[in-house]
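To keep things simple, chains are lettered A, B, C, D, E and F as they appear, and every chain counts its residues starting from 1.
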Amino acid sequence: MTETLAGWRRRLGGEHLPYVDSRIYTDATIFEEELAKIWRRTWLLVSHESELPEPLDFRTTTIAREPVVIVRGEDGKVRAFLNVCPHRGALLLRQPAGNLRNANPSGSPKRITCMFHAWQFDAAGQCTSITRRSAGYQERLDCSQVSLKELPCEVAYGGFVWVHLEASAPPLRASMGNAFDALLPHLETEPLEVFHHHKAIVTTNYKFWHDTNSEFYHDYMHHFNRVTSMKQPGYFDRRYAPFSNGHVTISSMQVKYTAYEQDDVVLADSRDLSFPGLETNGWKLLDLFPGITLNLRGSALRIDTMTPLAPDKVLIEFRGLGLKKDTPDARARRVRDHNTIWGPFGRNLPEDLLGVVNQGLGVRPGSESLHILHGRFEDNSIHDEIGLRCYYREWSRRMNRLASAPDEAPPDAITAEPQSSSLGNGVH
Amino acid sequence: MSSVPKRSELRAAVEDVLYASAVHLDSQKFESWLQLTAPEFRYRITSYSHDLRKDMTWLDHDRAGLTALLAILPKHHVNGAQWLRQTVLYTLDDDGPDAVRAVSSLAVFQTVLDVGDAHVDGGSSRLFAAGHYQDRLRLEGGRFLLSDRNVRLDTRQLGIGSHLIP
Amino acid sequence: MSSVPKRSELRAAVEDVLYASAVHLDSQKFESWLQLTAPEFRYRITSYSHDLRKDMTWLDHDRAGLTALLAILPKHHVNGAQWLRQTVLYTLDDDGPDAVRAVSSLAVFQTVLDVGDAHVDGGSSRLFAAGHYQDRLRLEGGRFLLSDRNVRLDTRQLGIGSHLIP
Amino acid sequence: MSSVPKRSELRAAVEDVLYASAVHLDSQKFESWLQLTAPEFRYRITSYSHDLRKDMTWLDHDRAGLTALLAILPKHHVNGAQWLRQTVLYTLDDDGPDAVRAVSSLAVFQTVLDVGDAHVDGGSSRLFAAGHYQDRLRLEGGRFLLSDRNVRLDTRQLGIGSHLIP
Amino acid sequence: MTETLAGWRRRLGGEHLPYVDSRIYTDATIFEEELAKIWRRTWLLVSHESELPEPLDFRTTTIAREPVVIVRGEDGKVRAFLNVCPHRGALLLRQPAGNLRNANPSGSPKRITCMFHAWQFDAAGQCTSITRRSAGYQERLDCSQVSLKELPCEVAYGGFVWVHLEASAPPLRASMGNAFDALLPHLETEPLEVFHHHKAIVTTNYKFWHDTNSEFYHDYMHHFNRVTSMKQPGYFDRRYAPFSNGHVTISSMQVKYTAYEQDDVVLADSRDLSFPGLETNGWKLLDLFPGITLNLRGSALRIDTMTPLAPDKVLIEFRGLGLKKDTPDARARRVRDHNTIWGPFGRNLPEDLLGVVNQGLGVRPGSESLHILHGRFEDNSIHDEIGLRCYYREWSRRMNRLASAPDEAPPDAITAEPQSSSLGNGVH
Amino acid sequence: MTETLAGWRRRLGGEHLPYVDSRIYTDATIFEEELAKIWRRTWLLVSHESELPEPLDFRTTTIAREPVVIVRGEDGKVRAFLNVCPHRGALLLRQPAGNLRNANPSGSPKRITCMFHAWQFDAAGQCTSITRRSAGYQERLDCSQVSLKELPCEVAYGGFVWVHLEASAPPLRASMGNAFDALLPHLETEPLEVFHHHKAIVTTNYKFWHDTNSEFYHDYMHHFNRVTSMKQPGYFDRRYAPFSNGHVTISSMQVKYTAYEQDDVVLADSRDLSFPGLETNGWKLLDLFPGITLNLRGSALRIDTMTPLAPDKVLIEFRGLGLKKDTPDARARRVRDHNTIWGPFGRNLPEDLLGVVNQGLGVRPGSESLHILHGRFEDNSIHDEIGLRCYYREWSRRMNRLASAPDEAPPDAITAEPQSSSLGNGVH
């Protein structure tokens, strides 16, 4: 008890016990820097093509405080634009989703019309009308100068819509490397369809959520997982495979339902419904830097995406996907399986979120630095914290700050562009 | 609905069930609440997602499933809160000779308990969700039983969500 | 009020109209809502301004004006929100041989849709306004019709206001 | 409860008192409100403290004490606000031959008036408290009178509290 | 698409296409500076004499975070005071309006009594009682030293109450110059009376609201205005007249109702009710720097005033006025005309507010600079953005920051005290 | 009126009229400094032993943003710990109070179990289980290294639980000096018991609340106190006794109930119920720096404690205590007496809180400095502001800032460690 509080907070961790400094989760300056250096410079999964099935369908989102709209053109191509009017800066589309066929009250069908002074843009971002243009601008301004700002946008890896805020974006595939290798066969054999979406504004740092999605050590928190999953043969055979760029993946494990059956018949999952190429009750997972998770488990694919709002506030969106060709009965079973664990009233999700809310309360803006341990080495099994170490290695590189000492720059080994497609055990 | 002729008697009989239901759920007396339900009872929580432009089902259980779900509640980590389901019977329509459809407005308030920072925020109240109960009730042995309930939420932003059902 | 003798029957009959009114407005079925109103229907939104220490009238229409107002709604830009009018019939007094005065508590909740930053805030619910319905209802052909409604708001801070009427 | 035989009539009779009570309190007509109460009337505000794990009594008065309390209100400094007590009669049980127990859901909304920064915030509405009225009513001279009220608050975080009673 | 996002945001605008930098709407430092250099040093319209008809009537308000109370003395004179107790700083009067005849619970009639320790002040701001003064202060303090702080206050231009926070205020008339010339005959022939007041806390920068009040180009947003007003003969003949000090005015146009009649009989305005000296259905408008608008249209005068709360938050107050001598019938028609367009449930107001909320979302604190175009030149007609250019010229002068480049000081042409009473076309 | 606003705000106060600068109540930098220099370095009353009557009972709280838990061990000893998990920083116990016998869903009885990964700690703070320790940490980490951070904790002065955030804490008794001398006989003869607790988040600076608790001059605000108490013989005989370290006390006065009786029979207090050794209807008060008040009046002891949240936001907790041995009837009377004045619906408390909310509105973050007068000299009677002067002398010493000029360091007379146990009249 003779130790100072600040001393206690920093006493653990070292060369053999990797850790990060809690200020990376709480400091306002670091948060702004993350938006600038990471979120504005990364390919982000923002939607799925099944959310925009028809020409002129659109979806809106925000990335690092920039309003963004995704539109499927009349040519079927999906494009992304800054959702801001070039005239006086008004937000253009306000609905979360819609179709441009329906004109807004002062607009035309098939157009994005700014509600303010009715400038119009087509689904390809070209300005088609500046109201009273020649009377007001003479030869000083015409439509050709005021297209919407188009943003790099790709549909890939199973129909997901990816956006990058900067024209200088590297190719999406280069950013992903081999990260999707294991999942891809199951995502691209049959067209997918989103059947679930909900969201939560949570008072915690966004990285705490990704941390949770990067280890199964917290299965101790979930009653079912603790008393059933963890006792299954093969549970600890699952291995994280870390990639460069901060991504990690887990290859398949077959979920054993016998254990569940003993425990609770009525809440168990559908046994015989899966994804193409995935063994029945198979399970694969992919965590992408800086905050996307794909979780394919038996009959449902869950996707988590995040929008950081403040050092201690994040919007998390949850999607569930099945196959487009699902029969009504199959779809109903996927929905049920998904919700049983991952719905807002599901078995695991409220607990996972509660866990990170508790981290946000233990580690608050304004509190002193605490060493957060990321030091489990368990042969890359799912209770190893390799996923977190892999993430913060990339974070250090992108931020040019050492995660364990954010006032210092990282050593050369980290700042060098990653060369190999995977990283060995013990990354820190 | 031939067997309960007077409108006022009908309203009173349904109100008795509806409001008893709110009381039992607020006090987490799930056994008592289940006794207000018929054997064929089905309980759903649904909402329309304006993000996907699709209907969402967030929970869907028959009576056995619901019973199991409620039984498992103590095994879960939750942030305790006292819920107040404020509901008003809005419309009442016949659904065959011995059943009615009842739609009721619903506002759920929460008074937070161990909200994490309970020292500061515990005991404060907030609006948690707004929507409707869409119920079917069936006469059996002279009293109404809930035969179907769809908790139709307007609210889709539910924070961390909940193991407890509205 | 001679023609509807029993208190309970009277309450039930008025509740049926009052709550149907809330349901139709919540679902923006204005045609159906107007069918609950008598030809002489007058609709007002009023509030007492503590700034001016005067009564304020914020909307005042006869049935024709209101019909026109509701018809024009689709031409307006609005930020979509699902409204929930939660109202409880509080007092009921005779007003001549075939009419009653009904006062009902009113809380209007909004679940925001395209709130602008829908990506973040869409789907969250909030209290929009509190006050009362002050209604007059008249018996015609065996059922009550709304003959006069004063939406008496306590709330004077309504944000951007609304084209939709409470 | 032998003297008021029909369920619907019973509900209507109790609702008349319950909702009149809310109306009188909302309009601070304490004299009228007290006339809804029987001579033996006892009024309490209670809440369960999750901090202490004990029941808390925050106000406890007989009719005389309450009368004195209400009479002294004008002598107090208060921040003016229009209260809206939205309550719904939830359960109704006999309590001897001429009395009933009534439990009603309660949400109290406040529209702030001289909130201090009245220029900015005056006129905005908020949820103040959630809980229940736990009432006993007694038949006397053909009408129900409040014989006991426990305002059972869920809300324990009441800001500066209030001289006014919920 | 090869352009950077920041580049796109700043590519428009230049010498021939006037613009402002969006940081003037979002930057916290600039906002604080605006409070200090503009709002604390400007005559502001805060009330109307009809809101304080009786001796001892009062109204409270806030200016740049200073609590202010306006009181009509027993001598009939309207005075303004800082609404703060000289003892320990408590706010004195908390009601929005009232009369001092009614003592507060520990006070005396006709007095402003601090609720805390009951120091009392009369309606002229003189301290009349320090509780237990001699016992507690001996000869060290007496009432003569603790008067309330009186603020410059004038009733003028149709009975409006104007307040300035600093004793060094220039004369009100000098600040206004000729701005009121066109409106004044209609405001001062007959006593006016406020019949409407409502307010809105809106999440946008206050200047966006004034911008909207300074052009009719956004009539494209309003269904009625677009399909009727804009098609009326004479609509585009209306001209802005810019003044020095950032004010602008529009002289009368007669509103043509034939067009409305075709569209919608029941929602049309009263035809034969106007203001003294104003032609039937006439319309005049005056925008005063830094955020007051007088809008006289047919039967009703609307006044907008603002209290900036934060870079992205403003309180807007809306008043409607008629004539004090109105018959009940005439008053009812004014109220109805006013509400039809301008009430909180009216035809135009929610849309106007939605427009600026959308600007606040397109242009957020923390987002990068965007060039906001103010470049419409249309012979000063109501679709010209001359009103905005006039405003930001004065803003640049007062702030000593160029609105289009807020880190730079403006050129001498702008910083010079304005000499002429009006400014020509093309101001920028 | 020729004075500037800033000039008026600072014109009062001087050598003979003590004052403080209002920035000490509003400035964000000063607030952070207060947390660091005062709240993190002071013994604070956080609970009472009767709130933890059983072994394994616990109570949670926060001090200067640090989560804290108080636990009664199986050995009966009360200990305090940082309520933060040494693994990845999650908050440990979330309930305001409870007993460790009841395991959390993934924990064991008698243990504090982190909900996240189920690390367990016993009631003495020792780690008893690291889940899958050897598999994940090998020899690199074991339980002995990850005890909870224990904090200095004492049960004293009538069973109250005191906590200090730093191991270097001085002895509690040294911090208190003689402050408790007058109260102690009544607190330690019989075991006490808390019967009331409620709390309020109030938008004001926390010191305004302590100021109010440090003078009775504001009795002018309370109807009963004004028309009855202040007229009682002996009211002004009560004297503040200031101590070093910023504490002040008032010795007993007998409350005279005859006056009350004339006024209102039914609301009067119980006459014959008191505390051990306290004369019937006696009244003693103790204000402890930096924000604790013990108020023993007749049948009930009230305790105020505070948690500052922001410069303009504070959580205040109110407790009421009686004797553990109370008969049900006696307890009911204490509860009633307490609530009549001090409950959330009581006679005085809402007014006291309204007073400080009004100060928070008159003196806002961002507003200019105002001189707040603390200049009443009334022979240390309860209308003297000696209590406030005593407090700010200690505040100046701890902060190394002069309260009347916070940009300046205080003179040596103040910065010197206080020597004497009491301070004379006229401290400023």
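Methods note: contacts are C-beta pairs under 8 Å (C-beta built on N, C-alpha and C of every residue); 3 or more make two chains touch, one makes a residue touch a chain.
Because the structure is a prediction, the values reported are computed rather than measured.
A.B. asks: Along the graph of touching chains, what's the shortest path length in steps from subunit C to subunit D?
C.D. replies: 1
A.B. asks: Which chains are shared contacts of subunit A and subunit F?
C.D. replies: Neighbours common to subunit A and subunit F are B, E.
A.B. asks: Shortest hop count from subunit B to subunit E along touching chains?
C.D. replies: Steps on the shortest route: 2.
A.B. asks: So which chain is farthest from subunit C, going by the mean of the CA atoms in each chain?
C.D. replies: F
A.B. asks: Over half shared or under half: which fits the residue numbers at the contact of copies subunit E and subunit F, same or different?
C.D. replies: different
A.B. asks: Comparing the two chain pairs, does B-D have more C-beta contacts than B-F, or is it the other way round?
C.D. replies: B-D
A.B. asks: Roughly how far is subunit B from subunit C, centre to centre by C-alpha average, rounded to an integer in Å?
C.D. replies: Result: the chain centres lie 26 Å from each other.
A.B. asks: Rounded to the nearest whole Å, what is the centre-to-centre distance of subunit A and subunit C, using the mean of the C-alpha atoms as each centre?
C.D. replies: Whole-Å distance between the two chain centres: 43.
A.B. asks: Using mean CA coordinates as chain centres, what's the subunit A-subunit D distance in Å?
C.D. replies: The separation of the two C-alpha centroids amounts to 49 Å.
A.B. asks: How many angstrom lie between the centres of subunit D and subunit F, each centre taken as the mean Cα position?
C.D. replies: 33
A.B. asks: Mind pulling the subunit C residues that touch 2 or more other chains?
C.D. replies: Within subunit C, residues 6, 8-9, 11-12, 50-51, 75-77, 79-80, 86, 88, 107, 113-114, 116-118, 122-124, 127, 156-157 contact more than one other chain.
A.B. asks: Of all residues in subunit E, which are in touch with two or more distinct other chains?
C.D. replies: Within subunit E, the residues that touch at least two other chains are 67, 91, 94-96, 105-106, 115, 199, 201, 221, 223, 351, 354, 358, 361.
A.B. asks: If two chains touch, include that pair; go through all of them.
C.D. replies: Pairs flagged as touching, ordered by label: A-B, A-C, A-E, A-F, B-C, B-D, B-F, C-D, C-E, D-E, D-F, E-F.
A.B. asks: So in the complex, the part of subunit F that touches subunit A is made up of which residues?
C.D. replies: 32, 35, 40, 65-67, 82-92, 94, 105-106, 115-118, 131-132, 135-138, 140-141, 145-146, 149-152, 165-168
A.B. asks: Contact residues on subunit C for subunit E in the complex?
C.D. replies: For this pair, the touching residues of subunit C are 45, 49-54, 56-61, 64-65, 68-69, 72, 75-79, 116-117, 156-163, 165.
A.B. asks: Residues of subunit F touching subunit B in their complex?
C.D. replies: 60-62, 91, 94-96, 104-106, 115, 199, 201, 307, 309, 315
A.B. asks: Quick one: in the complex, what on subunit A touches subunit B?
C.D. replies: It is residues 51, 59, 95-98, 194-202, 221, 223, 264-267, 335-336, 339, 343-347, 349-351, 353-354, 357-358, 361 of subunit A that touch subunit B.
A.B. asks: Name, in rising order, each residue of subunit D that touches subunit E in their complex.
C.D. replies: Against subunit E, subunit D makes touches at 74-77, 79-80, 113-120, 122-124.
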